Structures are given as structure tokens and as C-alpha cells.
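Here the structure comes first, spelled out in C-alpha cells, and everything after it is commentary.
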Amino acid sequence: MQLSYFLQLLLNGTVAGLGYALIAIGWTILLGMARLVNFAHGTMYMLAAFVTWYLMRMQGFEYLPAILVSCLVLAVLCIVMQHMMARQIQTQDLTSIMIITLGISYILTGAAGLFFGGTPQNIASPLRALRLTVGDVRLTGLDLTIILVTLIIYAAVWLVLRRSRIGAAMRALAEDGKLAQLYGINPALLLGGIFAFEGASVALAAGLIAPRAPILTTMGFQEVILTFVIVVIGGIGSVPGALVAGLAIGIFISFFSALVSSAFALSAVFATLLVFLVARPSGFGKGI
Amino acid sequence: MTILEVRDLEVSYGALKAVSGMTFTCRGGEILGIIGPNGAGKSSTFNAITGRVEKKGTVTLSGQSLDGVPTCEMQRFGLKRTFQQNSFFTELTVLRNAEMALGRAYCPSLPALLRNPFSIGRRARVRIERARELLAEFHIPPEYGSLRPDEIPYGTQRLLSIAMSYGTGAKVLLADEPAAGVGGEDMEVLARILDKLRGLGVAVVLIEHHMDLVMQVCDRIAVIDRGTQIAYGTPDEIQRDPKVRAAYLGGEA
Amino acid sequence: MPKSLPLSHLFLALALIGFFLVPYAWSDSRVIVGYCVLTAILAIMSYGVDMITSDLGEVSLGQALFLAAGTYGVGIGTTRLGLSPVATLALSIVVALALGAVLGFITLRVREFMFSLVTYCAAVVAHEVAYNLEFLGASEGILGIPSMELTLGPFSYVADTNLRLWPIVFLMLLLVLGLMALFRRSTLGAEALMSHLNPDLAESLGVNLRRTRLKVFLLSAPVTAVGGWLYAYQRNYVGPDVFEPYFIMLFLSAVILLGKRLLLGPLIGVALILFQERFLSLGGDGNKVFLGALLVVMLLALPRGALSLFRK
């Protein structure tokens, strides 16, 4: 293989992988800190993509404001979800929470179909027009943005968790809900913050990544799988683990799609997960 | 002869040493009490013996080591335990709870039922009969059978939890605070049941806070404070032990 | 319990006999006959979910795999291998059990939510595979599945209409109902229930939580596969649409709608949901919103099912 081809695949994989990691960060925090599984995550990604598209295409918004509004919408949606499931969250009824979020996911799929229709759409990000060349390797402004934003968000989350009072409270929340109060932070607000973060981060991810391909109201399932695989391999609750795992998976898919088959890339990823589960169920990072 | 021997038991949760140096023996037909302040490590001791947490030290039952035995296999050795809270199936009736406690002996396997589906009625009758006997053995009034555990008096709930763990029989019974929140008459019934278990040759290990009950029924007592065993002897010896008085009995009612 | 059996048994028998007679009473109405056949088939599938969710208390999102084993077993078995219905049934069950075994052993040691997530991912990935693999008909699926033809010596019975398929469908429904009833009265059923209601207590009573989950999961596989087997012959078509979220949503809703561990619960649940879909439809997307909302509202407001309104 030519070096330039190899490097291009590597770069594509890196961009895609960091993108997956950005999609996964909200879910990692939710699962690691609050021990909750949100099956609507992939559908929320789809919804955020469509909100962004709709604002840009139908309401004449610029790219960045559209993404910001979409982040707000999703954050609010997630907080609404949190309040709906307040009782189940308190009793740690994970079975019900899983089914409820699954139901919400289906509602969102139907609602998106009603509002946005069934035809594929495209988000026209102006960043894509920016073409850069590094040696023989090509990337767009959007690719660069994905890299930068993901690294910044991860660094920020990492710092907050490790260095701030909020972070300490969140880690205490993971251990025992009542302990969080020791840090003077209301656990209900903390939980709301975690949910809002999940919504906002997945919307941000959608705004940056969805422009790369057509969007459909039936999409979102692949994102759930990728997120899940990242979280498991990276270690449940491990922020750096998620970043590394995302990167690894992105690069894997890039090479696998180019050299073997793009249709079965996800299947290959899943097969890797299964092997992983048998060999090392607790992941690589320091989980909680 | 049933002998439960625990030697140098140690349980650590990360850096925290919850239990260390626990050593005691309980024979069939004896009641051993474990007392100590809250959080001293008493329940951890039970968890260690039944294999629910990692431990150091040795636990043997009648000479046979219980190392590596999974928790769900413990009952096959006759080792049973009650739980401090939530020690029954709250969604089922009291009678159904008792049926569950009888285990495989009275429940047909699926292949057996597929071969002979019409035996269901007979099997159910036999099982229900035995379940009623079990409830009666533990002084649970038969009219409570169709109620749910949270609908019966608290004292009777504690009796039910012992019945649930005893099931079709036990060689060793680890009872985790059976008298918690129990008073007066119910305490009397509890004492009688513990006595009956002793009479049946069961080795009973009892975690308790109610000093009257402990001093009344126990043959020997182990005292644990902040994870370490500080005394081990007969009720008289324990009551006279200065270390125990300082740590526990002195400031306790 | 023996004293109260006759009454509930009577109700059960009457309800089932009534259900059996409906297609014959309205045999001119293709809509009604089709509705009954589809209700029964989808109900059979949902009983697989029922034993995992109502009894074991876990959420298996991978039942689509077993459904697919059933349908594709017929698809491949008839068009490529020329197998008889009995043979395709055997093939379907074997494939379903194999898939169940692989997933079950892999998830043997993981926690509940991991089990749900892995089964979910397995279903999505299986969708991708079925969608892309030529051998399975890819996105088009396999068309031209022959109607079920049962032959015994010189006699043959071709189920080429819904009405003619109905006795076979109903028979399978009875068998599945019988299995559920026996399951609930067996050790496995009791152990599943115990692990659901109080895992710690169950363990100290000798229940091996992991093995119980595996066994119930394996038992659910052929049940759902049988539904898939019937589905293929009923539609004369097999395709990757069986992996769409519609099915798992339908199964979960049907299972929790009336209440847990009620023998006819899922059957009535499927009947009600299908009724809305066919006779009070809000359009494809509208129906999705309705079904999702039904599931969510039930869990939030009436977690013990609709019948809990009539109990204390």
C-alpha cells in the first residue's frame, strides 16, 4: 500500500474515531456517574441532526447558531426525560429505565418522521468547503473541527471530573447518591446536569459529524452500537478510555472498510466486542 | 457432628479492612452470638462465610473447606443465612414464599413436567402442604398465608425470614439480626425458635444487638469492634471482660 | 390454589375456543381473518419475550435474532433446500438455539444492562448482515416462499390462505401457551422468578443466577422462532424487515400491557395493539409515536399493567 493512501486512511479513521468518541462522551458520563442506560441516545443523535438541518434549511439559520439551538433543544429534552423517570432513577429500576428510553426512542423516530419526512437530507456545513492538504493527505475544515472540538471537550470533561468540586461530587454520586450532598451540591441538580450534558454533547456531535453523509429519520442505531462498544472497551466510566477506544474503532473501521468490506464494518466491530467480552469484561480503563 | 470453624477471617474492601482476625467455632446444637457496634463488620463476616465477598483466612464446615464454593452452592452443604433487610419475596404471598424456600425437592423440573403435565395438581398439593407445615414450624399463623410479607406484622416477618432460610433444613444457620425492631411477645417466640433450632442440632450463628436475647440464648459470644475480634467466650466471661465493657457494653443499653 | 383452578381454567378454555372460532364466524372478511392469524403469530413470538421479561425480569432486545432464525430458516429451507415444513421448523429451531447459545454464553457473566445492550447490538448487527448478505437475499429478501404444504402419505393440506393456515397457527399457539404454563410451574420458572424478585435471597436458596438466565434465554429462542416460522409461510416472504424496532416494541408493550405473568396477557396485548394499528391507524409514523407512548405511559403510570387498576 502506498504511504499516502495509508496516511489518508489513518487520518479518516482518526477523524471518524474522534467523532464516535464525541458521540459517546455523554453516554459514558451517564453510565459511569449515574449508572443509567439511555437507549434513546442514537435517536437523539438523529433528532439533533434533523433539528440542525431544519433550522439551516427551513429557517435560514447559520451553521453555528443552528448547532447551538439544537444543543439547547436536546439538553431540554434530556432533562424532561430525567424528570419523567425520576421515580425509576431513584429506585435504580434499570430494567424499566431501559424499556422507557427504548419507548422514547421509538416515539422520537415516529415524531421525526412526521415532522421531517422520510427523505434523506443533507446538512450543508460551510466547513466542508474548506479544503486543506498536509503532504499527500487531504482533510476538510470540518474534519479539523471535529478533531479539535473532541479533544477540547474531552480535556474539559477530564479536568472537571478530576479537579473540580463538581467533578468530585459526580464521582461521589457514582458511589452513593447521598455522598454527593457532602460536597454541597444538590444531587438532583447534578443529575440534571449530567442529562443535559448528554443531550448537548450528542447534539454537538451530530452538528459536526452528520454533515458528512445524508441523514434519515430511521438512522441512529449504528451510533448506539458504536457508543456502547466504545464505552465497554474503554472501560465503563473512563473518560480517557472512551477517547482511546473511539480512536481505535474509527481507525479500525476506516481500514476494514477500505480493505475488506464497508458493509460489514459494524459487524466486525461487534465481533471484536464479543471477543472482548469473553476475554476481558471490565474494559481497559479504570471503570467505576 | 456439624462444626463451623472460622479462623483468622479477613475481609477488605479496597484499602478498608472491614474484618480481621475473626476466629470462632460453632457446633451443631450450639448458638454462637456475634455482637459489636454498628458498622463493626458483622454482616461482612457473614458475607465472607457464604462466599459473597473475597476473604482471607479459612472457613471449614465439618472439616471440609468452603473455599471456592460459589454462594449458590452453599445451601447444598447445609449452610443457610438470613438477610438483615428484604429477606423474602415481597411480591409473592407468604405461602408462596414458603413454597419457594422448599427448593428443588418439591418443584418439578421442566422436562419432568413435559413428560407428565398432568402431575401438576398432585405436586402442587404436596408442595403446598409442606409449605404450610414449614410456616407452622416457625409459628407463623396460617391465616397469613394468602397475605404478602409487607402486610403481616413486623415480628412475624422476622420469623418468616428465618423460615425462608431454613427451608427444608439447615446444618448451619447464619441469622443476621433476626430480632431487629422486635419486642415483647415476638421476642419470646423468636427465643423459642432459636432454642428449637438448637434442639434440632443446627449450628446457629447469631448477629444481634438485643443484649437480653443474646445473653439468654447464646452458648458463646464473639465480640467484634471496628473490624477486629476483641473477645470470645461464654456470656458470663464476655460480660466481665473489661475490653468489651469499654468498647460496647459500657455505653450501650 | 387447587380450589380456584376450575374457574380460571373455564375462562381460559372459553376465551381460547372463542378465539379459535372467530375466523370461521367471519370467514368472508379477509381483514378479520388476517387480523386473527397475525395476532396469534405475533403473540407466539412475544411469549419468548414474556418469559424473559415477566419472569426473569430482564430485557432481551435480541429476540429479533430468533424471529429471523424462524423466517430465514423457512426462506433458505424452502427456496434453496426444498425442505418440508417440518424440516424447516427443525432448521429454524436449531439455528435459533445456536444463536441463543452463542449470545447466552458470551453474556453469561455480564450484568443485566450489559446483557440487554449486547442483545440489542446483536440484533442491529444481524440486521446489517441480513441486509447485505446475498445468501440471505440482501435488502430485497427472499420472495416466492411457497405456502405451507403438509403431506401425510397420499393426503396433503396446503395452507394457501389465512383461513387454511389458521388451524396450524392456533395449534402452535396452544402448544406455546402450554409450555408457558408448565414453565411457570417448573423449577426453572420458580428460579427465574426468584432471581427476578430478590437475587440475593435466590442465591442463598441455591439458585445459580447466571445459569438460570442462560436457560430461560435458550428456552425463549425456539418459542420466538416458531412464530417466525409461521410468519414466513403466512407472508410468503422473508426479509430484513424483521429486524426493525417495531417488533421488539410490539413484544415489550404486549407483555407489560395487562400485567406480569398472566397466561393470556401477551395474546390480549398483541390483539389490542394490532387492533389499533389496523383499525384505528394514525399512519406509519403516527403509529410509532402511539406505540412508543403506550410503552412509556404504561411503565410510568401503570407499571403493574392495566389489570392493576382492578386489583387492590
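Letters are used for the chains, namely A, B and C, taken in the order the chains are written, and counting of residues starts over at 1 for each.
We adopt the following convention: a residue touches a chain if its C-beta (ideal position, glycine included) is under 8 Å from a C-beta of that chain, and two chains touch if they have at least 3 such contacts.
Just so it is clear, the model here is predicted, and its values are computed rather than measured.
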Please list the single chain whose C-alpha centre lies closest to the global protein C-alpha centre. C
What chain pair has the highest count of contacting C-beta pairs? A-C
Of all the other chains, whose mean CA position lies farthest from subunit C? B
How many angstrom lie between the CA centroids of subunit A and subunit C, rounded to a whole number? 32
Once you find the CA centre of subunit A and the CA centre of subunit B, what distance in Å lies between them? 48
Chain-centre distance (mean CA atoms) for subunit B and subunit C, in whole Å, is 42
Spell out the part of subunit C that touches subunit B in their complex, as residue ranges. 1-2, 5, 178, 182-183, 185-190, 193-194, 197-198, 200-201, 203-209, 219
Per the touch rule, the subunit B residues reaching subunit C in their complex are 50, 70-76, 80-81, 83, 86-92, 100-101, 103-104, 107-110, 112-114, 117, 120-121, 124-125, 128, 164-165, 167
Subunit C residues touching subunit A in their complex are 53, 57-59, 61, 106-107, 109-110, 112-114, 116-118, 120-122, 124-125, 127-129, 131-132, 245, 248-249, 252, 256, 283-296, 299-300, 303
Over in the complex, which subunit A residues touch subunit C? Could you list them? 37, 39, 84-85, 87-88, 94-96, 98-100, 102-111, 113-114, 221-222, 224-225, 228-229, 232, 263-264, 266-267, 270, 273-274, 277-278, 281
